[in-house]
Amino acid sequence: MSNLLEIKDLKVHYPIRGGFFNTVKDHVKAVDGVSLNIPEGTTYGLVGESGSGKTTTGKAVIGLNHITEGEILFNGKTISGNGKSVKNSKEIQMIFQDPYSSLNVRKRVFDIVAEPIKNYHKRTKDELIAEVLGLLQKVGLPPGSLYKYPHEFSGGQRQRIGVARAIALNPKLIIADEPVSALDVSVQAQVLNFMQDIQEEMNLTMLFIAHDLGVVRHMCQHIGIMYQGRLVEEGTAEEIFNNPQHLYTKRLIAAIPDTDVDKIDENLNIRQSVKEQYNEHFHEYLDEDGRALPLVDITSTHKAALPAKG
Amino acid sequence: MSNNNKENKNLKDDSKAYEFDEDMDNKDHTPTKARDGFDFDDNQHTSESRELDMSVKADLPHGVMGHGASDMKNLPKSKPGWRILFEEVISDKLALFSLIILVIITSYVFGLTMFLNHSEIVKVDLFAINQPPNDTFRLGTDYGGRDIFGQLIIGTRNSLAIGALVTILSVGFGIVYGVVSGYFGGHIDNAMMRVVDFFMVLPFLMIIVVFVTIVPSYDIWTFSLIMAAFLWTGTARLIRSVAMQERELDYVNASRTLGSSHIKIIFKQVMPNLVGLIIVNGTLSLAANIGIESGLSFIGFGFPETTPSLGTLMAYAIQTQTLQNRWWIWAPAAILILVLMLCVRNIGEALRRAGDARQRNA
Amino acid sequence: MPGDALSGLIDPTVPIEQIERLREQMGLNNPWYIQYRDWVLAMLQGDFGQSFFKQQPVLDVIGDRMMNTIWLGLFSSVLIYLIGIPLGLVSGRWNDSLLDSAITGYTYLGFATPTFIFGLVMLLVFGYTLGWFPTGGSVGVGVTPGTLEYVISKFQHLVLPSFSIALIGLVGTVQYLRSGIIETKQKDFVTLARAKGVSEGKVYTKHIFRNSILPIAAFFGYEITSLLGGSLFIETIYGYPGMGRLFLESISIRDFSVANVLILVFGMLSILGALLSDIILSIVDPRIRIK
């Protein structure tokens, strides 16, 4: 399996301006040296707390953020130049976090889903309608939705509209930026499963951004954990869940709620001990500037930012 | 991996059951909305969409491909935003009343001026100066023996026309300027807003007066242009501030990733979201512009007497004699200005209220 | 109405050659940018030029008029706040009462009434029909400066123009204050104050009014700009010898050296006003303090 997307040492820095002359004083290092590969047809889960740079990474890949340094390869070709943002491509599409603000309230479903098709293809009105109806059917919305406005739908349905729009151009790579975090828990699973169906059907590759390891577990073959702009651990889903190396990963896993009532006490104990460990030892996992250490290979697929032993 | 997959399957089975429920829902014609407990709509709307959904599902089973053209046309449509806005104004009694009066005045004035002999009205007739209202001159005459009623009709037309023209020019330019500045932000916005600041501190009335004096030949177009050149800044600032908020919303980002150009995004995506604001701003500007034009004509730097406007009629009142003893020259114009301003403002305020209410509902 | 500084000033019997010579001498034949440069340079050296018409320095011509306009502006703004703030407070505190309806009705009409029409009506009613106040000028004829009589006369001449400006100008303040108070009323800190047992009167004086009046104070600077614009009309109507009327007179006789300086003065006052507002705002509102 070849890699569809390769990110090499990506850095996205923002200047902090201040003072009387509005000069650049410092930089916020939103993403600071991230490298990852996504094989074709698989899903890569990028996990981290808010502000860890996961969304910035995703937006850099699709061209919504500038790139300070590093290289992004798509299908073996470089799509980034230094200091610029990636150009839009119909091969890469995005599903946005907020199903409310990501759909234009003044546009009907038809206009929303047809927008990308109109941008890249010439179609007659009837062809467009047929195509959009096909897409709506694919995401499980009735044809009657065609001329409705977004405010007439629920959050889950809106996210389906967002998905229909993203797959309209038959992209190869989808960047899903916390697609379910704004939804009610009851519809999260529903939307996730349907996204998986579509992924299988269209052979999509996905960069799945989430702040919740539990969600990622069911979606992704590979997982990367981000902390303050850097990857701290990366591996297959199995490796991350069964053999977490980094303290931060351990804590994230411990935080996943378990529904098993009998294990409540046990889980609580685990959580507590991980927390103690975290408070005591976490500084060992950071360098002098408070940034995560470089990644070390553990197996051929598993890497973690561990302090040198000894 | 196996462990993971198993969990996956379980979850999927769960959702199969869920989807089955969904289908059941549809068969029972229960509304598809609010399945995830998110209440987003007002009742009127859902009941309407519910009915429409049912009708469609009756002849278009879920999941059938290749609908014919006739079916496509039968798909339910929702009311566009501007219609809701319009209906709100109609349901506001005062605004409706104002709208009717405004339409009557406008059509009367524009209709009648087609039959009035303009040069006859502004011709000086020394045998009929300063006459009070009588049979020949319904509203009397001025110091040059010119018919006030005719001047009033033509003057109202001119004032309305120039008010509208200035509004279209200034609001139109202000919108484009503001939306570009707000959408791009950063250095572009900074530079563009400094230009606005510059215009804001200019004493624009005085500069218009100077322009009117030094422009060799001025007519309704040059006058409007001069006025508009100083009156676009308010709109630009307002639109810019809203455009900046819109820009932060993800639908703009989405459009970019979908391959829409900046121009397309500005005019097709962002602009429709500003329509309500633009209509409100436009109506309120119209009222203000009618006032400014009549004010300028009043101090003698708008239209000349040969091109009557409501302001030129008011200008006669600067003479003590006219103000005290010949009310028929200036009072009708004053009342008309007031009525026009009130009507236009009423409509504008009703539109603003409608816009606010809709935002609260959404 | 084209023309330059000479056309309003010269006797038509003067031969053309002489006019041409004069134009050359005064630099009126130079291209506009040279004239502009000369003007700016002279301005920077404190030379505001000569009035073509009155043959005396521009500053002398403007001097008296400026004082009159400043008095008018000061008087009007005092009236605006003196009347506007109580109206706004009453209207906001007892909103939806009969009194509030009356005040709202007044602001509603005030927004739609151009200052010049209101000024004319005031002049007609209180100046001519009732004869309570003088109808023109800034001071009575034949009154000696420095006497009490002089001060009273000045004051009487100010009453009508400043009320005309203020009664229309205050509607914005009233409306802003009213909506501010109604909004603040529903804030949690007000509910808390009531829950603590603060008396209703104190809730308003200590909590609500203070919050609502501060922004009004900050608009004071911007108010200057609109006052100056209004003075153009009001000074014309009342024949009040201020800068606005001087400007229109100067334009009519093409005395551009005076008109230019007046525009400059008005522009400077607007900038000062905006600056003043920004400063007040940064004092009043800690959120926008410059670091």
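First chain written, first letter: the chains are A, B and C, and each begins at residue 1.
One rule holds in what follows: contacts are C-beta pairs under 8 Å (C-beta built on N, C-alpha and C of every residue); 3 or more make two chains touch, one makes a residue touch a chain.
In this text the structure is predicted, and so the values were computed from the model without any measurement.
Chains touching both subunit A and subunit B: none. Compare each chain's C-alpha centroid with the centroid of every protein C-alpha atom shown, and the nearest one belongs to B.
For the criterion of most C-beta pairs in contact, the winning chain pair is A-B. In this assembly, the chain whose C-alpha centre lies farthest from subunit C is A.
Taking each chain's centre as the mean of its C-alpha atoms, subunit A lies 42 Å from subunit B. Centroids of subunit A and subunit C (each the mean of its C-alpha atoms) stand 58 Å apart. Mean C-alpha position of subunit B lies 30 Å from that of subunit C. The multi-chain contact residues of subunit A, meaning those touching 2 or more other chains, do not exist; every residue touches at most one other chain.
Interface residues of subunit B, counted against subunit A in their complex, comprise 1, 3-4, 7-8, 11-12, 14-15, 18-19, 26, 32-38, 40-41, 45-46, 49, 52-53, 56-57, 60, 62-63, 65-67, 69, 71-72, 75-78, 81, 249-251, 253-260, 264, 269, 272-273, 275, 362.
Here subunit B touches subunit C in the complex through residues 200-207, 209-210, 212-216, 287, 291, 294-295, 298-301, 314, 317-318, 320, 323-324, 330, 334, 337-338, 341-342, 345, going by the rule given at the top. Residues 59, 62-64, 88, 90, 92-94, 96-98, 101-108, 115-116, 119-120, 126, 129-130, 133-134, 137, 140, 142-144, 146-149, 151-157, 162, 165, 169, 183-184, 186-187, 189-190, 192-194, 196, 217-218, 236-238, 241 of subunit A are the ones touching subunit B in the complex.
Interface residues of subunit C facing subunit B in the complex, by the touch rule stated above, are 1-3, 109, 111-117, 120-121, 123-124, 128-129, 135, 225, 228-229, 232-233, 236-237, 247-248, 251-252, 254, 259, 262-263, 266-267, 270-271, 274.
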